[in-house]
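Look for subunit A in each of the two complexes below; its partner is subunit B in the first and subunit C in the second.
On to the complex of A and B.
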C-alpha cells in the first residue's frame, strides 16, 4: 500500500471509511521512519512506542465511528515542541532527559483531529540555524544524497515520506530553507496565527511554528487544523480561520496576483547560479500566468538577517536563562552555585550555541545595548514598515527561499558562520511576523530543486497557498527512495 | 566643621493580595508545603513558560498608583530583568522597567505637626522570586541550599520614593503612612514580619545646605518598622563617623544585623548590575484606557487623608485623635460603624482611643482579632447616655464585652448592673445612710464640703455603684440643705 503517497485528506477519508486500518498505517509509518532514521538520522531517537500509542488512540476513536479530519495522519514533531510520553531535547545535551509534563497546544489539536506524532525530529541545537551539524544527537543527512545536509530531521522525514507532514519552529527561516534543501514546500504562518504554547522559547518575538508537507494541499489542511486563538498563548490572535482547503478548491480564485520583487534580490552572499536561474525561470513563468511582476526598492531588506540575528541572540540569551541545572535538565555539580551554573552550561550546551549566547550577552550589555541591540530594534521597525508599505500595493513579495542548495556536510565554509547565511531571504518574514511559503521549483541541485518564496500580508496565508499551488502544478511533488 | 544631614530614599516591596500568581493560576496562599504551589510557568519549564497576565494584579497596581497621586502609564508593559540566581526560575525576572505603572506621585504625613511631602519616583509591578534556605551562613559557604518556588511569581508591587526623607523617624512615618494607604485599598496585608512588606533604604549623608548627594549605601534585611528605624539611625551615624574620620563612604550593599544592632557590608555582589532589560517578547502591551482608570478610581475607598479631614472638620475631633483613628482602616471603619448606632463623635472617639485601644494594647491584640463589635459598643454608649448605667459601670461592662464578646444588655442584666434612678428607692437609702452618719451631717453643715463626698461614697457602696450619681447628688443636696 502506498499510504504515504496520499495527501492527508485522502488518507483520512480512507481511514474514516475503514478502508485502511490505523494498524496498517502504523506499521507502514514505523517502517519508513526506521529507514529514514537509519539513512538520515532524522529523529532524536527512533521510538516505535510513540507510534504504537498514537495508533491505539486513533483505533479506539475509529472503532467508535468517529469521523476525524486527519484520521491516521502521521507527523514528525521538531524536538523543540513538547509532546507527552517522550523527551523534548531541542537536540541539546542539556535537555537529554527532559520530559515535559504538558503537551503543545498544536499537538493537542492535531491529536483531537486524529493525527498522531511519529517521532521527534532532529535539528540544530535549539534551532539556531539549520546546518544539520549542530545537534548533540548527530549530523542530519539529506535523503537525496547523504553527503549533504538535510538542514533538519523534519525536512528529511517529510521529503522521504516517512510522515505525512512535520511541524518545526521557524526563527530565521530554518523551517523554510531546510525544506528547500530537501525539495519540499513549507509554510511559516503569520506570527500569532498558530499557538506557541509548548514550543521551547528561544527568540519569542521571531519564533513561529510552521509546517512542512509534501504538497501545498497538505499544508492547507494542516494549517486549518492548527490555526486559531489559544488562551494559553498571550501572543496568539483571535483572527478568523478560513477553510484553506476549500479556498484552494475554488480554482477561479487563484491569481493573477500583483507580485513585488526586491530589485537587489541577487546581492545575497553565497548566491548560487543554479538558484538564481531557477528563480528567474519561475519569475518568467509567473508572468506567463498573468502575474503582474514589478521590481521594487526595499533598501533595508538586505539587513534583515543580521538584524534578526542580533535580536535573536539577545532574546535567546535571556530565554535560555532557565537552563541552570537547578530544576531540570543537565546538572553538573560544582563546589558552589556559580560553579554549578558554569559547569552545567559549559557541558550541556554545544559550542555553536555557546558562541551565539555569548554574542547575545555581549551585545546587550553596557554600551553595546544602545550601539547594537537598540539599533537592531530600530532597524527591525524600518524593515517592518518597508514590507508593510510594499504589501499595501502588492499581493505578494517574491524572492528565493535560500541562496544556495543543501551544503555538503563535510564543508565548513558556511556552517561556522553566525548567523547561518542560509537565512538571508527568510529572516525578514520573522522580523515582520508575516506569513511566508517556500515551494520547490526545478533546479540543478542535490534535491533536483530550488526553493522560491512568497511573503504575504499578515493573516493572508490563503494567497500564499494559492500562489504555491500554482507553482506546484508545474512541478508535481517528487521524493527520494528510502 | 560641617553639620550633616541624612538623605534617605526607600524601596518598598509589597506582595499583592491576589488569589493567584502574576502570570499563572497557582495559589498565592502563604505557608503551604514547599513547592506545592507551582506549575510549568512559574517553574520556568522549557516549552511551558508563556506568561498569562493576572489582570487583577495590574488593577491593584493602578489603584495604588492613583492613591499615591501618580501619573498612570498609557499601557501595561513588562520587561525582562536578566540575571542568574537559584531563586529565580527563568533566569530573568518579569518587571516593569520602561513603563512603570505609576510615576511622579507623592505621600504626605505629619512630622511634629507639620505636613511633610515625600515624592514617589515610581511604582511598578513585578514577580516575586522563590525562597532560598541555606545550610550555613550564605549561598557561597553553604554545603547545600533548598529552594521553595511557592513564592516565585507572586505579584509584587515596588514603590520607589524620591530621596526626600531626612531621618529615621521620617522613614518610619513614611512607611506607616504607605502601609495605611495600601491597607485602606485592601490590596496587601503589608506584614513586614511575614515578608509581605519589605523595605530597603538608600542612605547617604551630606553637609547641611549642600544640594549634591553623598555616596550612598543600600541597607537591606530590615524586617520590622523598628528595625527600619534602628537600621537607618545606625547607618547614618556610621557614615558620619566615616566622613568625620576623613574617609569616604564606600557605595555598597549593607546588611542590618538586628541582634547585634549593626550594619555589615555584604559579600561582594553575587548579582551582576547589568540586567540587560528589554521588553518581554511574550507579553504584548495591554492598553490602559481612561475608562478603565475611571472604573478603578470608583473602587478606591476614602483614604486616610480624606478621612482625617472629615474627622477633624466635620466631627470636630482633635487632630491627635483623628490621626490615631485614621491610622488603620479597620479602626476608622470601626469608628464610623459605632457612629451609625450612637452618633456622638466625641464620646465614641474617646471610648475607642482610651478604652478600646487600651484594652487591645494590654492584650497585645489587633482590632481584627477582637470580639468587640461596633454595634456592641454603640449599644453600650446608648445605655450610658440614657442613664441606664453609669460611665464607670460602662467601663466594667466594656471589659466584660472585650473578654467574652457578649452583648452589653446581657451583661448588665446578668450582673444586675442596671443603674438605680428611682427617686423613692434612692431617698430610702439616703435616709438610712444619713441616719448612720450624723457626724458627717454635722461636718457638712459646719462647712466641710468634703463630708459630702464621703456620704456619696457611702451611698454608692450601699448600691454597689449602681446609683445614678447625678440623682444621688441632687437628692442628697436637698436632704442636707433642709
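On to the complex of A and C.
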C-alpha cells in the first residue's frame, strides 16, 4: 500500500481507525528513506532505529485507543533541529558527534500528536545558503536529476515522498528556494509563530523553523500542530492559532485577494527566462481568478538581500563565538588556550563559513560597525516599513521564489554567500518577520516547475495557505520516481 | 570602501580563525562584491532612520522566579571534548 501518497490527515485517520498499522508505515518509510538517501545523499543520519523507536511509541498509544491527530505521520528534520537520541551536526565537522541534551519544542509537539522523525536531513553547513555543496557530509543531489542540487536534504526527502513532511530552517530563504528547486510547497511562518527552541541558529533575528510538504493541505495540518506560544522561547508570541485545515475546507474563505507585485521584480540578478515566464503566466491566472493584481513601487525591496547578508554575518560571528572546543564540539589541541580555540575553529568549520564569519568580525569592529552594520539595520527599518505599508492596502505580495532553477552541482557561478543570489526574493520576509509561502507552478526546469511566492501580513498565514491552495488546484503537484 | 589585507587578517584573528591565502582572496572578492551592491551604505538618507534589531516588536518575557532543576552534571559534561567530573578540561594557562 502506498502510504506515502496520502495526505497527513487521511493517513492519521487510517492509523487511528486501526486500518493501517504503524509497523507497516515504519517499514515503508525506512525503505523509501534508504532509497532517497542512496540516490540524493538526503540524510546526514539515516538511522532505522530512530524510526523503530518512533513507531514503538505510536503503537503503544494506538493500542491504548488514544486518538492522535498525526498518528503514523513521518517527518524529516533538518540537522540544525535538535532531537533526542541522535546527533545534531548542522552539517559541520565542528558538531560531528554533538548529542543535544534536549529536544526542540516542535519535535516534542509533533511526537505528542503522533508523528515520528525518520531522520536528520543534510544541508549546507549551519544553513548558510542552499547550494547543496557546503555540507561536511557531502553534496545533496536533486531527485529529479542528480546532476543538479536539491538545495537541502529536506527538500529531496519530501519531493521523493520518503517522508510526509520536513522541518528546516529559513534564515534568508533557504527553506523556500530549496523547496522550489525540488518542486514542492514550503511555508515560513511569521517570526514567533513557531517556537525556535532547539533550532541551532546562526542569526537569531532572521532564522526560523519552516515546513516543506507535498501539498498545501499538509502544510496547513503541520502548521496547526507546531504553532503557538512556547514559554521556553523568549522570541515566541502568544497569538491565537486558527484551525488552518478547517479554514481551507471553507470555500467561501478562498480569495479573491488584493495582490501587490513589486514593479521592479524582474531586475533580479540571474533571473532566468523560464522562471520569468512561469511567474507571468501565474499572474495572468490570478487575474482570471478575479484577484486584483496591481504593480506597486517598493524601491527598498531590492536592498533586502544585501541587508540580510550583512546582518546575518554579524549575528553569525556572535552566535558561533561559543564554538571554541571547550564545552562541546570539535577540539584540536593547542599549546595554550588561544591556540586551541583557533585550531578547533579553523579545522571544525568549512571554508565558506570561515570567510562568512571573518566578514562578520570585520564589520562588527571599529568604524565598520557604524558604516556598514548599523546602516544595514537602518535599511532594515525602511524595508519593514515599506512592506507593512504595502500590506495595509493589499492582502498579499506576490513575487517569484528564486530567480533561477536548481543550479548544476558542477557549477560555481551562483554559489556565493556575500550575498547569496538565490535569496533575492526571499530575504525581505526574514528581515520583516513576515510569513511567506512558495508554490511550484509549471516551468521549463529540471523539476518541471518554478516556485512562486506570496508574502502576507504578520500572523495571517491563513491567507497564504488559501492562495497557495488555489494555485495548487490549478497545478497539481508532481513528484520524481525514487 | 577599501579594506586592507591587514584588516582582514585582524578580523580573522578576532573570529579566532586562520584563513588560507586563497580563502583570504575569496573573502576580499566577496567583500568588494557586497559593498558594490550595498549602494545604500553611502546614502545620507539613512542618517535619521532608527535601526531595527528585531523583526517584530516584542515585550520582555520573564518567567516566574521559581527554582527549577538545571542540566544534570553528567549531561552537561557528556559533550565536552575533555572532562574530568565535575570539571571541563582545557590546556594549562598558568606556567
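Operating definition for what follows: the second predicted complex is superposed on the first by the 480 of 482 C-alpha atoms of A that agree within 3 Å, B and C clash if a C-alpha of one lies under 4 Å from a C-alpha of the other, contacts with A are read in each partner's own complex, and residues count from 1 in each chain.
Keep in mind that, in the parts below, a residue touches a chain if its C-beta (ideal position, glycine included) is under 8 Å from a C-beta of that chain, and two chains touch if they have at least 3 such contacts.
Quick caveat: nothing in here was measured; it's all calculated off a predicted structure.
When the two complexes are overlaid on their common chain A, residue A:333 makes contact with subunit C while staying clear of subunit B.
Greater residue coverage of subunit A by touch, when subunit B is weighed against subunit C, goes to C. Contact with neither subunit B nor subunit C is seen for A:462 once the two complexes are overlaid on the shared chain.
In the superposition on chain A, A:101 makes contact with both subunit B and subunit C.
In the superposed pair of complexes, A:51 makes contact with neither subunit B nor subunit C. After overlaying the two complexes on the shared chain, residue contacts for A:418 are found with subunit C alone; subunit B is out of touch. By the touch criterion defined above, A:309 lies against subunit C but remains apart from subunit B after alignment on the C-alpha atoms of chain A.
In the superposition on chain A, contact of A:349 is made with subunit C only, not with subunit B.
In the superposed pair of complexes, A:376 makes contact with subunit C only, with no contact to subunit B. In the superposed pair of complexes, A:225 makes contact with neither subunit B nor subunit C. Counting contacts as defined above, subunit A residues 98, 101, 205, 231, 234-235, 317, 324, 326-329, 336-338, 341, 361, 364-365 meet subunit B in one complex and subunit C in the other.
On the side of subunit B, the complex with subunit A involves touching residues 40, 43-53, 80, 82, 84, 86, 89-92, 139-140, 145, 147, 270, 274, 276, 278, 281-284. Note for the complex: subunit C touches subunit A at residues 1, 3, 7-8, 10-12, 14-20, 23, 26-27, 30-31, 33-35, 37-41, 43, 46, 49-56, 58, 61, 63, 71, 75-76, 78-82, 88, 90-91, 93. Residues of subunit A touching subunit B in their complex: 80-82, 88, 90, 95, 98, 100-102, 104, 196-201, 203-205, 231-235, 314-315, 317-318, 320-324, 326-329, 336-338, 341, 361, 364-366, 369, 373. Interface residues of subunit A facing subunit C in the complex, by the touch rule stated above, are 98-99, 101, 190-192, 205-206, 231, 234-235, 237, 303, 305-307, 309-310, 317, 324-331, 333-343, 345-346, 349, 351, 354-355, 357-362, 364-365, 371-372, 374-382, 384, 416-419, 430-434, 458.
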